[in-house]
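Please see the structure below; I have some questions.
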Amino acid sequence: MSETIWLIPLIPLLSSVTLMLFGSRLKVSQIGIIGVASVGIAALLTLWLATEFMQNQQVIQLSLWTWMEVAGFAPGISFYFDGLTLVMMSVITGVGFLIHLFSTEFMEKDPSYARYFAYLNMFVAAMLVLVMADNLLLLYLGWEGVGVCSYLLVGFWYQHNANGHAARKAFIVTRIGDTAMALGLLLLFTQLGTLDIQAMVGEANQTWQVGDTIPLIACLLLVCGAVGKSAQLPLHTWLPDAMAGPTPVSALIHAATMVTAGVYLIARTHGLFLLAPTAMTVVAVIGITTSLMAAFTALMQTDIKRILAYSTISQIGYMFLALGVGAWSAGIFHLMTHAFFKALLFLGSGAIIHCLHHEHNIFKMGGLRTRMPVTFWSFMIGSAALAALPMTSGFFSKDQILLQAYQLPDIGPALWMAGLLGALLTAIYSFRLVFVVFFGKANTEPDKDTGWRMAVPLSVLCFLAMVGGWFMIPVSEVFPASDGSHPAHWVEYVSISVPIVGVLLAYFIFYSGRLKIDGLANSTLGKSLGQFWLSGWGIDWLYDHLFVKPYYGLANMLKGEPVDAIYGLIVALNQTFNHWLSVAQSGRMRWYLASMVAGLILVITLAANLSEGAL
Amino acid sequence: MVMINLIVILLVGGLLAILSERISDTMPRKVAMGVVLVDLLYLLVCLSGMPDITQLQAPVANDPSSWLMHFKADWIPAFGISIELALDGISLLMVLLTLVLGAIAISASWTDIVVRKGFFEANLLWSLAGVLGVFMALDLMLFFLFWEVMLIPMYFMIAIWGHENRGYAAMKFFIFTQASGLLMLMSILALVAVNHSATGTWTFSYFDLLNTEMAEQTAYWIMLGFFIAFVVKLPGFPFHTWLPDAHTQAPTAGSVILAGILLKTGAYGLIRFAVPLFPEVALNFSYAAMWLGAAGVVYGAVLAFGQTDFKRLIAYSSVSHMGFVLLGIYAWNELALQGAVMQMVAHGFSTAALFMIAGSLQERLHTRDMREMSGLWQQMPRMGAVAMFFVVASLGLPGLGNFVAEFLVLLGLFQVNVWITVVAATGLITGAAYSLLLMQRSFQGEANKKWVDYGLIDFGSREMLTMAVMMVALIVLGIYPQPVLDAAQPVLQSLLELTATPAVAVVEVVQ
Amino acid sequence: MDGLNIPLNHILLVSSLLFAIGMLGLMIRRNIIFILMSLEVMLNAAALAFVAAGAHWGQPDGQVVFMLILTVAAAEVAVGLGLVLQVQKRFKTLDMDHANRMQG
Amino acid sequence: MNATMFSALAPILILSLTAIALMIQASIKRDQSVAWVITAIGFLLSLWGASYARDFIQSVTILLQVDHWSLFFTSLILLASLVILGLSRDIFSPEGERKEEYYLLLVLSVLGAVVLIQSTHMVSLLLGMELMGVALYAMIAFPERGELPLEGAIKYLVLSACASAMLLYGFALIYAAAGELSYAGIGAKGAAAYAENPMLIMAGSAMVLAGIGFKLSVAPFHMWTPDVYQGAPTPVTGFLATVSKGAVFVALSRFYIDGALYQYSGLNTALMVLAITSMLVGNWLALRQENIKRLLAYSSIAHFGYLLVVLIALTHLDAGLISQSITFYLTAYILTTLAAFAVVSTVAGEDPAKQDISAFEGLFWHRPLEASALTVAMLSLAGIPLTAGFMAKFFVITVGIQSGLWGLLAVLVVGSAVGIYYYLRVIFAMSKSTDGDGESANLLENILALALLAAILVLGSWPQPFIAYAGGL
Amino acid sequence: MLEIVFFYIASTVALVATVMAMTRANAIHALIYLIVSLLAVAVIFFLIGAPFAAALEIVIYAGAIMVLFVFVIMMLNLGEKGDKQERQWLQPSIWAGPAVLSAVLLIELVMVISQTNGPVSVTAVSAKEVGLALFGPYVLAVEIASMLLLAGLVGSFHLGRRYLERDNLEKQGGQ
């Protein structure tokens, strides 16, 4: 098997190309089969690989060919496979397969069915390349590849300008991070002479001391890339808008896989980050800040997908926190569980939207508990996991993160406290969603319930969201072992109880109505704060005025090509001379004579007066 | 002789094309296509007898016999001017690119030329002949001759078959390039004169002039003449303003050749002449040149963003992309140079394809204004998909040729100057901005009602075939660029040795 | 008759004065006939200078040139006066400021 | 005078005999065609005479120098005159009956030009110039209709006479200073005279320069050029532009070289200023000119500016390369200008309305041969490679660089860059698509256009034989 | 010494007469002044030992060429009206600029010439010497001069004949 892991990304890629080239000639059912089966096969292969790996714990390195070889720069098209890769691949192919399956029903009526699957397959391929790459350049290929697929899928319904706008925003904002990351690559290669991750980390440890400047800069540049892709502050603004894409896309790309690529990147290069503690602190702070910001914002949203989007941002913030505090495996673990429950939630919301004639506003839903039972239970389980209620998958992963954060010297407790606040908020907004959508009075009537192709993925994901916390991820070989110490028990108790408090609060506010917050919400402060949170802390507005509008203004100003003005000036100058001289050609002989005499005077002056020193 | 034949075939082919118009209306384009393919085939046949291109010996820069091909015959012995042609890896790449894009250009203009077809195809073939000459000539006078002569057919192509404002554009194009050409002529003659006064012989041969000794001040001025001439053609900021007009107004085939091939002659000239002839001053000058390159990258991108004319946008994107080439050349290390060569090839394909799409749109919609477009994907999904491919290629998606090029340039540049690299790298962001905007305004968005029942015809098999050639080329360049790199490597190696750069590879990392 | 001690520069001075006056006349007169007369004055000035220079060097060449100048003057005036007749006939004026149909 | 002298004078004698033959013919029976044939035969014989005289190289009296260089130019202007003769055949309005004088004047004018080319003495310079000029006045005013020829003629006459007066006065001053009238004598005694009284000889040379500069239409003595070019019948304009200017320039270079005037830096400075103003003024004036004859007039101003650069370089270089450059440049210039005027003459004729650039629109498609010839001529004037004009410019720049005349070369580049614009305008106009009739020129004109076109291209693309030949003159 | 005095007198006459010629409104008056000037120059020629030149100056210049002018002026029949117009044209605004130019030129020439020294030759150049020169080294010049005169003749014939013919035609048409 180890020799054929290249098949895993290749199969979805081939399927994608097939669908692109011949999609218009295939039947809908054929398209569905090709699209789903390719990912299914990839998933099976991954499963096979996993079983092999569990047995022998063998790291696989496979080089297909040298991509390019220039002056010692020789990145290969080569793969590296270890426990971390396995986790990522499993998530990608596994969750990916479920979402593909879900999509066959969800997108059935769309005229661009083939195009959809082509993009989605290509995304899977690119994502697999990203996680399997053994060097940063190939990783970058996957990285940009998923970016393009994300762009294509967000703007899938290109007929609406808003979708196109969202897609471009998604691409360009992440590109900002990517560019910084590319600079990081340049720096790393220049300094270390290789981009091969393992060799590079080894070389880095030889070359640099902990706390050196260059690794700090390199790490920060990589973090920029991660921040962009993973929608962290300050480059998170694209993700809520990216919800313009079809909902399964949101589930796959903007919840389960692509947005966690940043987390993967940092985890993958943790050897570098260990050399730059400052960078790690930065990661942690970014993570927790993002997490809180997003949680507050999610609290105020009314669009079901936007709530989930902000929740994703917030959860990835937790992962960043984990990475920042050195809880590598906890971060990856949370990545995996999050993939399960967030995919579940997105698919659930997709089901709702699908059945509710594309209704997004949660306050126009209500009372769906009885009419869409499968969806209801999916949401219950997913929200529980998201809120990290005990025994759900999210509970285990989040708990680990918070506890390890607490143990960090100096800022540890502060991070922990902030994390707790985030957890509280998470519980509130997730159950706000549940109560508003599924309980109370029905505002819109669903025209159907989910079909089996939607129900099966939902059920499987429910299961995973419940039990995912019990999985052991095989990353112990990848990351340095934590010291294994445990904080005081009260810390653990507080961590466990906070989400429950949150759920209760949500219950009292949004279901039973016992807790009246109208007064608070309607106060001036409350209103403006609410508005502030609703708008995502005004960051979009800020960027709009700081960057977007000035750029448009600049482009508009320069549109007329100011440089050409220089040449215009030269032309004008020539025309002026032409004009003057033409006027001098008046046709009058006496004037001509005068000019000749003047010329004669000039010539005599020059010849006779300047003649000193001749010969 | 092979090289002479290559040029002569095209020249004669041009005459045939004119004559063939008497046979039938569609004959010229067939003849032209045939001629280019024959030329290409001829070259390949001749090459097949040669040692494998990937195992080329490094040509010794000043030893003709070590080159892949070399031909020399007297022309004007009174001044030591000869017909000296030679081929090495880089020339070969450029010649192949020229012929392939030539065929593509003919295909691009298959239907949109309606008057004086014979003369059109003739001009196209003649300009190709001139370009081939530029890429192969190693006698400076001969080089200059081809350099100037290839512009005349190009001028006619713009002036006769161009769009609404063709007179202005053709004139601007010609004056810019000719005026800068005059500077080059002065420089060539000055160089030869310096050599003459040192050695007492008249010679225009590259090989003889390589080792000309001269005072730094002299070398500086002469180098500047070459530099400006080449940068105008490249085009580098701030000498680029002819390009948007020329590209916009030229017929499709003209734009394809202009963007795909003609711009590369500038870059080729820089690599082949401007730096090696004056290694020290050129490298002293490199700082300024690189800033110009970076400025071009940024400026081109910003201006592209502001355009509403489809072709103009692509034209400015060329300015931005060719900025990378300038950067790559003046970083003058192997990585960056390879990047520059790659960029020449990859940009040739990607931009040519975009111009073809622009031409197809113009042919169908009779406008290039993107405000008139919107939502065309619905009517022409194939064209939309193809456009999407080349747009992402042009914004530098990894896996496609342009990325390899830009990354290598940046990588090489980073070793020379960090801050310029940072500025240039912003081109990746701004590049994405204008590329996607292009896509949004033309193919995506709400369908413009005007075109819904307009009976727009999607790409047919001829167009798709042409496009497929370029797509495959870009993909291959993107994931396995090694043949191109191998072909260029020995040459670059020998140039680097020749200039024996004391160029400091010190990284100025901000501490 | 011996030409005696007349300094060369005085003669040349006279000739230059004649030349300048002729030139002035050329520039200020609008009537073509006066213009031709001015030309004669200028040519005459040159002739005077030649003869003087010839005398200075004691060579006959100065006078030879003088005679050729006479020829030139005659030929020019002959054609010039022919043109004057045409001018009068077609333009109905001798004012040369009116002869400015071509300009720019 | 002995027999070899007569042999050496063969071209001049044959031309004189042709003039006499024409007079006799006119007195017997006036017939334009016969006059045309006699003239043509005279030119051809004279051409033969020029090659015959090659075996009798010598100075003929003190006035003329028959050598290879002058014989080459004699042949060249005779060829040019033949072209002009070919163009002159049916340009004059049919109602004027007495056209024979035109041919007589043409022959006399060519005679003047030949004398000018061979002159080594002030007297022959003066006479050659005047002979050429006086005949030209009448040729310009020759047409019996229209006011423009008359206006052109009177302007040319008055201004030219003024220039002659300047020239003569300058000669007088030089003579007063040096006591010599022959170039060689001036060269020999000039330095001593200069040492004694530098200003006199300088002022004299300057005035000569002004007088000759007028004939070459060097700025600021250029103002007559466009008006005369426009007013004169097109073949006469062609004659003026090629034969007259070419001969005068040859005479100037001889004067400059033999008189060793290049050694005076003051004079050089004056020449430089003239060259610079000519290059700039000529090109600027032509920039937006609509009338193609005026445009060519302005273009010629610039071209003689370029050519002056070569003379200035004499200070630094030996005369060999200089005279080679002059030979090449003048040959290229004469061929190119002839081609241009040949086309203008066949296409526009004598109709002022047809001389506008806009009247040339679509010429490419109606009359491809003429359009090609004019295109090549324009490209050659603009100095595009593969044309004779390029090689000519190549010589100028080479010479300039070798002498380190950077300032002049910079102006040359600026001027040429400006020049491209207006040459291209003509080409662009011709390439426009218009509906038009394909009226064709007569056979003779076609042959002339084709021959000139070929000559320009051959000289530009395979110049080696000619360079070698010019080097041996 | 007497010669020098004569020279100055003749020069003064020549200059004054020329100035008068240049400024007259009436063409015939101007012409007469011009002839006076030419005669004065002839005197100078005589004084500096060029009697042959002096004779030619009188015979050809004053005698022949000026008569040409007279004929033409008579043919054109310029009347009082013409004189008036001429006077109008001689405004300072018209002659100021040219006068400055001429003055500058004159100053330059004077500067140049004043540096010259030495008298004219003591021995006069006789007509014989001139004749020998003319038919010795300058024989070709004489021949070419004849061609020049021929050109002048043909040219003026062509131009003048047309004038006369058309005039006659018009008159006949009028009758």
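Order of writing sets the chain letters: A, B, C, D and E. Residues in each chain are counted from 1.
Here is the rule we go by: contacts are C-beta pairs under 8 Å (C-beta built on N, C-alpha and C of every residue); 3 or more make two chains touch, one makes a residue touch a chain.
A quick note: this is a predicted structure, and the numbers were derived from the prediction, not measured.
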item	value
Minimal step count in the chain contact network, chain A to chain B	1
Those chains which touch chain D and also touch chain B	A
Distance-maximising chain from chain C - centres being C-alpha averages	A
Chain occupying the most central position, where position means C-alpha average	B
C-E or A-C - the one linked by more C-beta pairs in contact	C-E
Chain whose average C-alpha position is farthest from chain E's own	A
Intercentroid distance (Cα basis), chain D paired with chain A, Å	77
Approximate Å spacing (C-alpha centroids) for the pair chain C, chain D	26
Centre-to-centre distance between chain E and chain B (centres being mean Cα positions), rounded to whole Å	70
For chain D paired with chain E, centre-to-centre distance based on mean C-alpha positions, whole Å	31
Chain D residues counted as touching two or more neighbouring chains	123, 127, 130, 134, 137-138, 141, 154-155, 158, 162, 173, 176, 199, 202-203, 226-227
Residue numbers of chain E (touch at least two other chains)	97-98, 101-102, 105, 108-109, 111-113, 115-116, 138, 141, 145, 148, 151-152, 155-159, 162
Junction residues of chain B - those touching two or more other chains	none
Those chain pairs that satisfy the touch definition	A-B, A-C, A-D, A-E, B-D, C-D, C-E, D-E
Chain A partner contacts - residues on chain B that touch it in the complex	237-238, 240-241, 244, 299, 302-303, 305-307, 333-335, 338, 375, 377-378, 381, 385, 388, 392, 397-399, 403-404, 407-408, 410-411, 414-415, 421-422, 425-426, 428-429, 432-433, 436-437, 440, 443-447, 479-482, 485, 489, 507, 509-511
Interfacial residue positions of chain C with respect to chain D in the complex	8, 12, 15, 19, 22-23, 26, 32, 35-36, 39, 42-43, 45-47, 49-50, 52-54, 56-57, 59, 61-62, 64-65, 68-69, 72, 75-76, 79-80, 82-83, 86-87, 90-91, 96, 99-104
Chain E-facing residues of chain A, complex	590, 594, 597-598, 600-601, 604-605, 608
Contacting residues of chain D [partner chain E, same complex]	1, 16, 19, 60-64, 98, 101, 104-105, 108-109, 111-112, 115, 123-124, 127-128, 130-131, 134-135, 137-138, 141-142, 144, 173, 176-177, 197, 199-200, 202-203
Chain D-touching residues of chain E, taken from the complex the two chains share	108-109, 111-113, 115-116, 137-141, 143-145, 147-148, 150-152, 154-159, 161-162
